[in-house]
Amino acid sequence: MKFLAMIAVVLTGGLLIFHTGAFPDFGDANSPANTYLSPYYLENGQADTHAPNVVTSVLADYRGYDTMFETTVVFAAGLACFFLLRRKQKPGDTPRMYRHLPTGVTLHIKEGGTLPAEDSAVFRRLDSEFVPHQIIIKNTCRIVIPFIQIFALYVVAHGHYSPGGGFQGGVLLAASFILYAISHDLRRAIRRFPEKVAALFGSMGVLIYAGTGVLCLLFGANFLNYEALAPLLGVSPVMARSHGILIVEIGVAFAVMAVIIWIYYNLSSAGKHDEGL
Amino acid sequence: MNDLLPLIADKYNYWIYIVLMMLGLYAMIGKNNLVKKIIGMNIFQTSIILFYVSIAYKKGGTLPIIMGDAHGGGHAAVHAADYINPLPHCLMLTAIVVSVATLGVALALAIKIYRQYGTLEEDDINHQIRMQAGQ
Amino acid sequence: MTQHFPALLIIIPLLSALLVSAMGWIDRRWCFPLAVASLAGALAVSIGLAAHVMAAGPIVYKMAGWRPPIGIVYVIDYLNAPVLVVILAVALLNLISAKVWIEKDFEDKMGAYLGLYLLFLSGMVGIVATGDAFNLYVLLEIGSLTGYALIGLGKERAPLSSLNYLFMGTIGASFYLLGIGYIYIATGTLNMADIALLVPQLEGSGTLFLALIICMAGLFVKMALFPLHGWLPNAYSNAPSASAGLIAPLTTKVMIYAMVRVGLTVFTPAFTFARPLLSEAIVWLAIAAIVSGSLLALMQRRLSRMFTYIIVAEVGYMVGGFWLGNKAGVTGATLHIINDAAMTLTLFMAVSAIIWKLGSDKFEDLQGLFGKMPFTMIGFVIAALAVIGIPPTCGFFSKWYLITGGINAGQWGFVAALLFSSLVNAVLFFRIFEIAFFEPFAEGHGHHDHGPVFNEAPVTMVAPLLIAALSLIALGLYTGDIVTKLIQLALPAGIA
Amino acid sequence: MEMLYSAKPLAAILVSFFVVPIIFSSRSENVREAWTFVAAILKFAIVLSMLPFVLKGGQIAYTLVEVLPGLAIEFKVDAFGMLFALVSSSLWIVTSMYSIGYMRSLNEHGQTRYYACFALSLSATLGVAFAGNLFTLYLFYEMLSFATYPLVTHHQDQEARSSGRKYITYILGASIGLVLPAMLVIYSQTGTFEFAPQGFMNGHFSQPATAVLLLMFVFGFAKAGVMPFHSWLPAAMVAPTPVSALLHAVAVVKVGVFCVARVITGVFGTKMLASIGLGTLVCYVASFTIIVSSMIALSQDGLKRRLAFSTIGQLSYIILGIALLSPSGMTGGMLHIAMHAFGKITLFFCAGAIFAASGIKNVSQMVGIGRRMPYTMTAFLLGSLSVIGLPPLGGFISKWNLVIGTLESGQIFFLFVLLASSLMNAAYFLPISYKAFFCTDEEAMFEKKVDEVPTWCLIPLCMTATCSVIFFFYPQPFLQLAKLAVATIIGAPMP
């Protein structure tokens, strides 16, 4: 197998390398790729969409349809991970560990043993792989997380003017939650941001994107043609495109954030949503 | 040899992407461990992203964020050659997301396989399957 | 509203996928009706589109209102209008047929399952409808990603098969993406029609030729052309019954559609078929696929596994027919996309009904099935006749075109392979008929009147199955209309 | 020539098609059989209603659907097709009657399926008879293969299974492997399938290519039983006797020869074949089958097997007659379809009656059976005389024409083939009747006590035997139809 793989790889690579001679040089500004279509975006992007960041205008407007499916891919991945991994577990199926807070004693409860109440003030659930009490990490994260989130919101909102946008912002938001889950424990993260909310936010985010498109449709324009929203938003068509981009970026941010968190829940706990990492 | 050097020097971006791609491909076909295969898959996909982004580059070009008057006055002065090509970047944003999504699903499947067979080595899994079939 | 139909085609499954997956968390009872309603709606839209195309010619729909090379367009033309109808009809019928399976297997994950189902479908529909080469890649990944998940929750080896499928699928899709990159380097555009305009100026371009090879190689992996077919049998036969009936008929066929689209619309026939050596080599690959698929099918002892190898052979039919490069061959390949989707659907629905009742699809468990499940077997027999290629079922007519194409091209190897596979298919299916008809043997000399007990699958399974089976005959009888009013108009002038 | 566009041919075909669901849904035996009768009589009536017009030299055409340009499901009732349709639809009535007696007296299982498949087979047979082009012909030919499979394997035991396997392998293998490619090649060259009086292949193919195509058809239509594609026929005799009677003496095998005859006349064209001398090639193939099958028949002890080999030989008579390409030869061949059908079905009915009444299958056990079943054995004698071709029975007329045909075409060799095989026919048929009636008391295996089969069985076989006699004196309308058909083919004025 390895030998075959090597042969296949060398052959394919050889073929590809053999051919590089016909390609334009690295950084060639006069290659067809750089002269045929892309100048249009650079020259007219700002006038068409009122967004100086051309990547954003191409992403969310010229090729906004691609991006809608990009968001859908993320959502599909979340759905797929949930579908493949999630399994409901009854309390008592697996051994659990609890700490009796007043005494600091750690209890190991076997399968089928009597468990303390979920909201017990005396017993606290522990991960089965014992994690010591890391007060520095917890508190650092507690301080850092709000700043991450603020920055994420900035990235989402400022995608028109600087590198950024819904995907980047959404991932940052998700990262903040994941940081919380790592520094504390998975159960607490899930209590803050339940699975159901993640799932619904995921579909809602894509729905915002696609729904904006449908709204354009209802106003009589083509799908995702934000110009049609001008009367609704009370601005000029060009500004309407700009606002439209912002709206869909927010949708993307919602979807990406929720889905990445959702995927994290499922992957980290192998679908049990019990304890993980 | 005289021809080859400038060929490599001028087009090294392609060489890099091809080498990366073949590394990834080799890992996907030749490796035994499923997680290694998944890593190979990611390298493979990333190499294509690198390829796309590299063809967008223009010597002397800068970020495709139009400088100047933010209120629509700047478009007359825009020279396309000053900015790198935004289109491949935009496409690759999509490709990155796709590769992340694929990675997620692949890992989910790997977890499921681990749960089922207790290992991620393909040989061991195939051995177990054969044992079951033999019974 | 008609002018927005191309958008609706994809919005309906997409939005309902979101709604259904959300509904899974709120009230599960709504999921299934919602999914069925949306598919029925999308099917109606696709029929409306097909009628419109036949009456008024192709439709170009500009997404976000941007003109073609700048924005993304959807193009509904003579080539994809019938394919769209078939895809949606397949999905709808299979969904109804799989109702009991979904309720049994995925009771607590119904929202997610149906959501994935609809997303898969929107991916497939999008691949077929899009006029943008890169958009095709994105939709390809939607279809694949959801496909991995739909397969992965099957029985026994499903996760492993699904992961292997994922690896191969990713390699295939990535090669396609790379090919698009090469096209982009050579032409600077991503719009299919625009590329086609630029191709004649690049007649001798090696980059473009390499792009063709890479794109095709990627698609060959995804459509499981021999010898890259290894992932398919495991993935399809281990899939849950509800998913197998969706994925088996659609995935490979849509990939073949993509091949036809890329070959005809993107590269133009003049460029695609310009190198006889390449065409010849691919046709021989297809012949190998047909022969090996048929022979491997003979070795199987389970219905669903047998069918998966038949699919491998059928892929060879279509790839070979297309690369013959003449009118009859390409027509036959395109027609076979439609017919084979319907045939495979019928076969897999029949198997799903059989497994539902018997709990197995091993040959030895099929004894006396004609008596137990007569209606299911009617559907099965019709599908079998179609696969063998007996008139007036549709399989005959596409095979007819393919063989004619082979004769016209003087490619006798292909003709022989097709006839060989027809004969093997006849053996395959009659072997099953025999088991289902005879065993358990009548003791003595047939003087018993207590045959197998009637034990038919639920009506939600049988009705779609019979509809699909009848459609095989209807498709056969309307072949003339499909060919003359749609497919032949879709062929560019460059094909002799 | 007059052309009439009418859906009657389609109606005739569909009558028995639509009765299938009714048969399946009817719970009681009587209802089921009543429906079979209704359909059979209705079918015969429709066929009959078309007869006068066809006899006047007209043709009835109907196009159901044009699937592809030149590839239509299309019916055309001409004299030849009419002849065949008349034979098969009239014999269906008789056979239905016989089936009732036979199946009930043996208490067979799965009778519903049996009647349904029977009806379906008849639809397919008429479809072949009325086919207006090669594609329609092929379609119904295949449909017949599938519809008869459950009939052949009706007993569902090990023997039925292996016979069924043989049956379907030969029939389907030959049609997909030989006929289909031949059709495709022809279509790709000529672009049409429409039967024409003088064929449509003229000038499209070289002589060797034509010869190969012709042989592909002759062997490919394996239902015609041309050696070496014949061995399914004796194997298929495991089926219940009415099935053997109608399908393997009439419908299935005659469909085979009908297809061969149609292809020779309507696709290749007699003039073209005559000009390049290919008719003789087919004649030799047929002669070989005639002689060899007759010799094998001599050695068979099982009555049905003997009849089967006799059928194989008689089928090749028809092919020989057509391939002689002379007017009388063709007339004789076509007429032999009808005459042999009535004769052979009588023989099968008798074989079934003997089995139903006494459980005997072998000739050697039938000594003196005439004492017990006088009517049956008289009918058997008449049937065998007709098949041998002796006056005063219908078989004589067709054989006479065949003999004249060999002389007309000047190919004396085939005259000897015919005579030799007639002698052999006599040698394997007459001893049965002889032993049945004229034997000493010691030899007789039966007592002198009349113990006939049920009346339901007896009436049909007496009817067909009587018909065989009548056709000698009054061979209409078959003779007229055959002459008309030949006149159309050779372009002579209407007789």
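The letters A, B, C and D name the chains in turn, as written, and every chain counts its residues from 1.
We adopt the following convention: contacts are C-beta pairs under 8 Å (C-beta built on N, C-alpha and C of every residue); 3 or more make two chains touch, one makes a residue touch a chain.
Computed from a predicted model, the values in this text were never measured in an experiment.
Student: Which chain is most remote from chain D in terms of Cα centres?
Tutor: Centre of mass proxy via C-alpha means gives A as farthest from chain D.
Student: Using CA atoms only, can you tell me which chain is the most central one in this structure?
Tutor: Chain closest to the assembly's C-alpha mean: C.
Student: Where the CA atoms of chain A average out and where those of chain C average out, how many Å apart are those spots?
Tutor: Centre-to-centre distance between chain A and chain C: 32 Å.
Student: Can you compute the centre-to-centre distance for chain B and chain D, using the mean CA position of each chain? Integer Å is fine.
Tutor: That pair's centroid distance is 70 Å.
Student: Quick one: report the Å distance separating chain A from chain B, using the average Cα coordinate of each chain.
Tutor: Here the centre of chain B sits 18 Å away from the centre of chain A.
Student: Rounded to the nearest whole Å, what is the centre-to-centre distance of chain C and chain D, using the mean of the C-alpha atoms as each centre?
Tutor: Inter-chain centre distance comes to 43 Å.
Student: Which residues does chain A have that touch at least 2 chains other than itself?
Tutor: 16, 23-24, 31, 33-35, 37-38, 41, 63, 66, 69-70, 73, 76-77, 80, 84
Student: What positions in chain B touch 2 or more of the other chains?
Tutor: Residue numbers touching two or more other chains: 21, 25, 55, 87-88, 91, 94, 98, 101-102, 105, 108-109, 112.
Student: I need the residues of chain D touching at least two other chains; which ones are they?
Tutor: none
Student: Identify every two-chain combination in which the chains touch.
Tutor: A-B, A-C, B-C, C-D
Student: For chain B, which residues are in contact with chain C within the complex?
Tutor: Residues 21, 25, 28, 34, 37, 41, 44-45, 48, 51-52, 55, 87-88, 91, 94-95, 98, 101-102, 105-106, 108-110, 112-113, 116-117, 125, 129.
Student: Can you list the chain C residues touching chain D in their complex?
Tutor: Touch residues, chain C against chain D: 385, 388-392, 397, 400, 403-404, 407-408, 415, 419, 422-423, 426, 430, 433-434, 437-438, 441-442, 445-449, 451, 476-480, 483-484.
Student: Quick one: in the complex, what on chain A touches chain B?
Tutor: Contact set of chain A toward chain B: 1-2, 4-6, 8-10, 12-13, 16-17, 20-21, 23-29, 31, 33-35, 37-39, 41-47, 50, 52-55, 58-59, 63, 66-67, 69-70, 73-74, 76-78, 80-81, 84-85, 161-163, 167, 238, 263, 266-267, 270-271.
Student: Help me check something: in the complex, which residues belonging to chain A touch chain C?
Tutor: Those residues of chain A that touch chain C are 15-16, 19, 22-24, 31-38, 40-41, 61-66, 69-70, 72-73, 75-77, 79-80, 82-84, 86, 88, 196, 199-200, 203-204, 206-207, 210-211, 213-214, 217, 221-227.
Student: For chain C, which residues are in contact with chain A within the complex?
Tutor: 4, 7, 11, 14-15, 18-19, 21-22, 24-25, 61-66, 69-72, 108-109, 112-113, 115-116, 119, 122, 126, 132, 134-135, 138-139, 141-142, 145-146, 148-149, 152-153, 159, 184-190, 205-207, 210
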